[in-house]
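Look at the two complexes coming up: chain A is in both, with chain B in one and chain C in the other.
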Partner chain A sequence: MSDKILEVKSLKVFFKSRGKLVQAVRGINIEVGRGEIVGIVGESGSGKSVAVKAFTKLLPENAYIDADLIMSGGKNLLNLSEREYRKIRGRDIAMIFQDPMTSLDPVITIGRQLEEVIVRNQGTGRKQAQAKALKMLEKVGIPYPQRCIKQYPHELSGGMRQRVLIGMALACSPKLLIADEPTTALDVTIQAQILDLIGDIVGEYGTSVILITHDLGVVAQTCMRVVVMYGGLVMEEGTVDEIFYTPMHPYTMALLKAIPSIEMADGSRLKSIEGFPPSLTNPPAGCPFADRCSYTMDICFKQIPDIKKYSSTHTSMCFLKGEDLKAAFAGEKYGK
Partner chain B sequence: MLRYIVKRILQAVPLMLLITIICFALINLAPYDAIDALTTPDMTQVEIDAIRQEYGLNDPVPVQYIRWLKNICRGEFGYSLLSHTKIKYDLMVRIPATIKLILPSYLTAYTLAIILGLIAGSCRNRWQDKLIDGMCSVGLAVPTFWFAMIMMYILGYKLKLLPFIGMHTIGKENSFTDYIRHFIMPYTVLVISFLPDLTRYVRALAISQLKEDYVLVQRAFGASKYEILFKHVARNVLLPLVTKLGMALPMLVTGAVITESIFSWPGIGQYFLKSVDALDYPIVMDILVLSGSLVIIGNLLSDILYCIVDPRIKEPG
Partner chain C sequence: MENEILILAQGLKKYFQPRGFFGLKNNFIKAVDDISLEIYKGETFGLVGESGCGKSTLGRTLIRMYEPTGGSIFYKGEDITHIKASQLKMLENRFQIIFQDPYMALDPFWNVGEILEEPLRRIGMDSGQWSNKIKDILEKVGLGSDDVHKFPYEFSGGQRQRIGIARALAVNPEFIMCDEPIAALDVSIQAQVVNLLQDLQEELGLTYLFTAHDLSMVRYISTRIGVMYLGRIVEKAKSRELFKNPLHPYTKLLLSSIPLPDPKNAVKKRKFKSVQEAALTDVMRGCNFAPRCEYKTELCLCEVPILRELEAGHFVACHNAKEIN
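Presenting the complex of A and B:
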């Protein structure tokens, strides 16, 4: 934790849409250490994707970013011009996305697309770039790299394309890899392979990773630390063990309970969190989860709770005291 | 690939036949007797009947059709009813004249449209886009003939800069500068008339391409706006544009009917208009068949081109 790759303080992101202000992210702090894999979990619309896109300024034009600090590799990204930012993208922070099927240019060969990125970010010649492209494809487990570089994206399966994209992202040895739901569009067997691949490569290159997902299973399998987001705020943050074994927030608990387990009795229903996430155009004054929480008190609707610290790594944003939460959660069963 | 092309050509044959049948039938249904063009009021009925017999106009319609079709297949396009010249020779002079006018204008408009469309699409809702899109709206709304006449009035009549009739000054048929001077005005009019539609098309394509995921991914890998626009978006936009190119083929014959007749350009459009006016039906039929065939050939061509340039289409059905 001493060696921070990314440090973000009170990040806010707004969208202006038809005269309305959508508050997608309402002040979050995130830190990523060297070689660390941090998971960001949350429902759809909790602001997780928007938050990471703000790190790389990849948001649409109607987005406004406000933060006290976004530091990456010793550079404060807030002061950079678009031109300087381009040098950060791909070199310092690389990103892979949800849908590998549409993430590659359909009319250019895989080889050329990889070479283009390598030439741009490393300033090597075409020949060297081609050799590097081949090496990367081999590294990410493409069976016939020689053939693959001549192929077009449509000739590859989704899993293969995601491998290509991971190769592309790692070709320039970035310090941080942001993976925005990299396995959501893939089937489960491929998902495991891709996650393993990310884990392996991170180990090898020492790259830090932010993994966005709404699958807690994925988090447990790959991540070291977890950030739970809801309604544009960070609800709870901690190591994987802390989040899974001693959750300190009712929302985290609700998420954990919603994981289906194999031991579930036949005919029992999947648990879900009742209700809907809050509107971000008109966010509630209090805790965003108050409406759906089973431990609500009056104060929950009036103000946003302070962040409580439970250990050097574990923080949570809830009015309930630690002991009370522990007592309340004691009886809960979920697949650990 | 070859199989596909052969298959498409075979499919085109019945379509071509259908076009000839429709052309022939329509002209036959027209409330007009071809014999009127050949006779004079002082001829007797016997003479008229003799001419009718001679031209084969007493035969049943299908027989006439077959005879006409056979001739067309042999490259025999018949004679003009009015001037009694061979239509084939007329066409051989007039088609190149039209091509000389349309081809440069269409290609200019096409190239300009790609550039302007890409600029407008990538600067969506900014002043560049508003300017280009606004000009397109104006361009679409302005009738060709009006614009042509305004040009003639200002450049030709008022300022006396350019000649506004024909293709050459008599006696200067071989002078290139003279040709260019005649060429400028109709060329400009045509470019302006082709441009708005094509630009809008490119703009719409560019906008939809810029929304694609790969654009965001490229940005995430440090690509600049221009790299994305010219290396990736342009390529993806050009694919559907190839189709437009094939479909523009029939324009080589009928693309400038109005412009040609306004500038008295000795092309096929003007020829067509004159013969329709005079009910010179062999010419009308020939040109209809010709442009109909070009539509089919153009479509065939764009399909084939498309599967050559788009890697995603390998073995189309």
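Presenting the complex of A and C:
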């Protein structure tokens, strides 16, 4: 962890919308080491996408970003002008999004779109860019790269389009790749291929990855560390083993129990989390999960809990003591 | 009760013929190609497969939302393959559908009361009874009677799906096609909706056809499961049996692709052939899965495998199923 690619301290993001202030992210810390795959999980509206878009300044104009520190590659991104930021995007930090169709220009060939990225960021000539584009397509496992560069996005399947986007994101060998739900729109078989591909890339280039997803299965299979977000706050953070085998937060536990496991006995019932996520325009004064939590105490509604440290990598934000949580979770069975 | 067949399809076909450039006719898209299927009363039949395999089309053809191209459909032994529009109306209160996207399936300008009155009017219920009936259904799906005056935008995704379920229930149907009802919802909300569907099934004796691409959820809710690949059912078995002992190479591929929520059990590298996925328009004489299959033989390329009962209640459409397993 000495080699940090990204370090974010007390990041807050607010939106002004119809005279109301939406507090999407309410003070989170995130660190990503070199060659690390960090998963951010959470429900829609938990602030996970907004948080990473803040790193790349891709938020709309009504967004206000406030942070003590956003460091990447030795540079404090907070002080950069939009012009300087453009050099960071693509070169240092690249992003891929959920929907591979809307991220590609429908009327320009795949080859040209790739070349443009390479020419723009690396200042090479068209010829070199073309060669590089071919190489990238090959790298991401496109079966006929020669044919593919002449095709338009609509001619490719969803999985192939997502590969093109990954190729595009990696063309300039970024230090950090942010993948925002990259497989949510894809079928399981294709999802498996894309996740394998992301794993390969980390092995080969030492790229760090932030993988945003709501699928805990995906996290378990690809990530090294996990950040669990809820209501704009980080509820729990730890290595995958810590999060999946010794969760220390009722929300994490509830999430784990909500997914059916393959070995689940017939006739058993899924444990749903009753209620709904908190409103972000008027967030609760206490723990955002308190309304839906089965272990609440009075204090949970009054103030936001402090972050407790359980190991050098494992932290959780809950008023309950470690022993109490362990005792409460001891009998729980979930998708192991 | 278990053995009463509610819906039976024989050799069902549904082809689409898209118009291409300048209205030229393209090849047929064989969305449903020669499928035979029986759905028992009170069961949940799960359909799984990749997007574009025809599972939604199959479901919609079964409830006669689409006119089948070939084959026949029987409802309680009665042939409903080509019945007239007037009779179709009668079927509407037997069959209902719940859609994937609760945001798009509800009219944004109608409040919940109006959304639920529509089906009641269609079945000719006396307007004096509407408000009681609506209150009753809303309670069943876990919404309050004061929600009647609210509009869809005032609800969250999970609540909207409950409205969709309420609308389907309004006509007291027997059979509900659940077309990816949980795909657009968050994990914690998915469990709520699935539990609700199960409670309703128990209480009202409903029969479901449930499609989803989340396999573990289908495994959880279904009695039996059919695996579809490019318009055909390639394997059909009791849900537990299918997951324990998949026989078709495609089912094996699907199951091995599920990311398990268990880091220690991380999947070993899957071997995939980077074959461009075949499309429904491709003319194929043999098994549709052959281009992606690692066990394919000469036979697979020239003859369509039929669904055979390899083990009791476990059907598979693969020429080499015996050899592979």
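Here, the second predicted complex is superposed on the first by the 332 of 336 C-alpha atoms of A that agree within 3 Å, B and C clash if a C-alpha of one lies under 4 Å from a C-alpha of the other, contacts with A are read in each partner's own complex, and residues count from 1 in each chain.
Please note the rule applied: contacts are C-beta pairs under 8 Å (C-beta built on N, C-alpha and C of every residue); 3 or more make two chains touch, one makes a residue touch a chain.
Model, not experiment: these values are computed from the prediction.
**Student:** Using the touch definition from the top, say if A:V240 reaches chain B (first), chain C (second), both or neither.
**Tutor:** The answer is second: A:V240 touches chain C but not chain B.
**Student:** Specify the partner with more touching residues on chain A, choosing between chain B and chain C.
**Tutor:** Counted on chain A, the partner with more touching residues turns out to be C.
**Student:** Just chain B (first), just chain C (second), both, or neither: which does A:E116 touch?
**Tutor:** first
**Student:** Just to be sure I read the superposition right, which of the two partners does A:Q128 touch: chain B = first, chain C = second, or both, or neither?
**Tutor:** A:Q128: touches no partner chain.
**Student:** After lining up the shared chain so the two structures overlap, which partner does A:T313 touch, if you call chain B first and chain C second: first, second, both or neither?
**Tutor:** The answer is neither, since A:T313 touches no partner chain.
**Student:** Given the complex with chain B, which residues does chain A contribute to the contact?
**Tutor:** Spelled out, the residues of chain A in touch with chain B are 56, 58, 86-91, 94-95, 97, 99, 102-108, 116-117, 120-121, 152, 154, 165, 168-169.
**Student:** Which residues, counting only chain C, touch chain A once they are in their complex?
**Tutor:** That would be residues 50-51, 156-158, 186-192, 194-195, 198, 213, 215-217, 219-220, 240, 243, 253-254, 256-267, 269-270, 272, 274-277 of chain C.
**Student:** Could you please specify the touching residues of chain A with respect to chain C in the complex?
**Tutor:** 43-44, 141-144, 157-160, 187-193, 195-196, 214-222, 240-241, 244-245, 254-256, 258-262, 264, 266, 269-274, 276, 334-336
**Student:** Okay, in this complex, where on chain B does chain A touch?
**Tutor:** Chain B residues touching chain A: 212-214, 216-224, 227, 231-232, 235-236, 239, 310-312.
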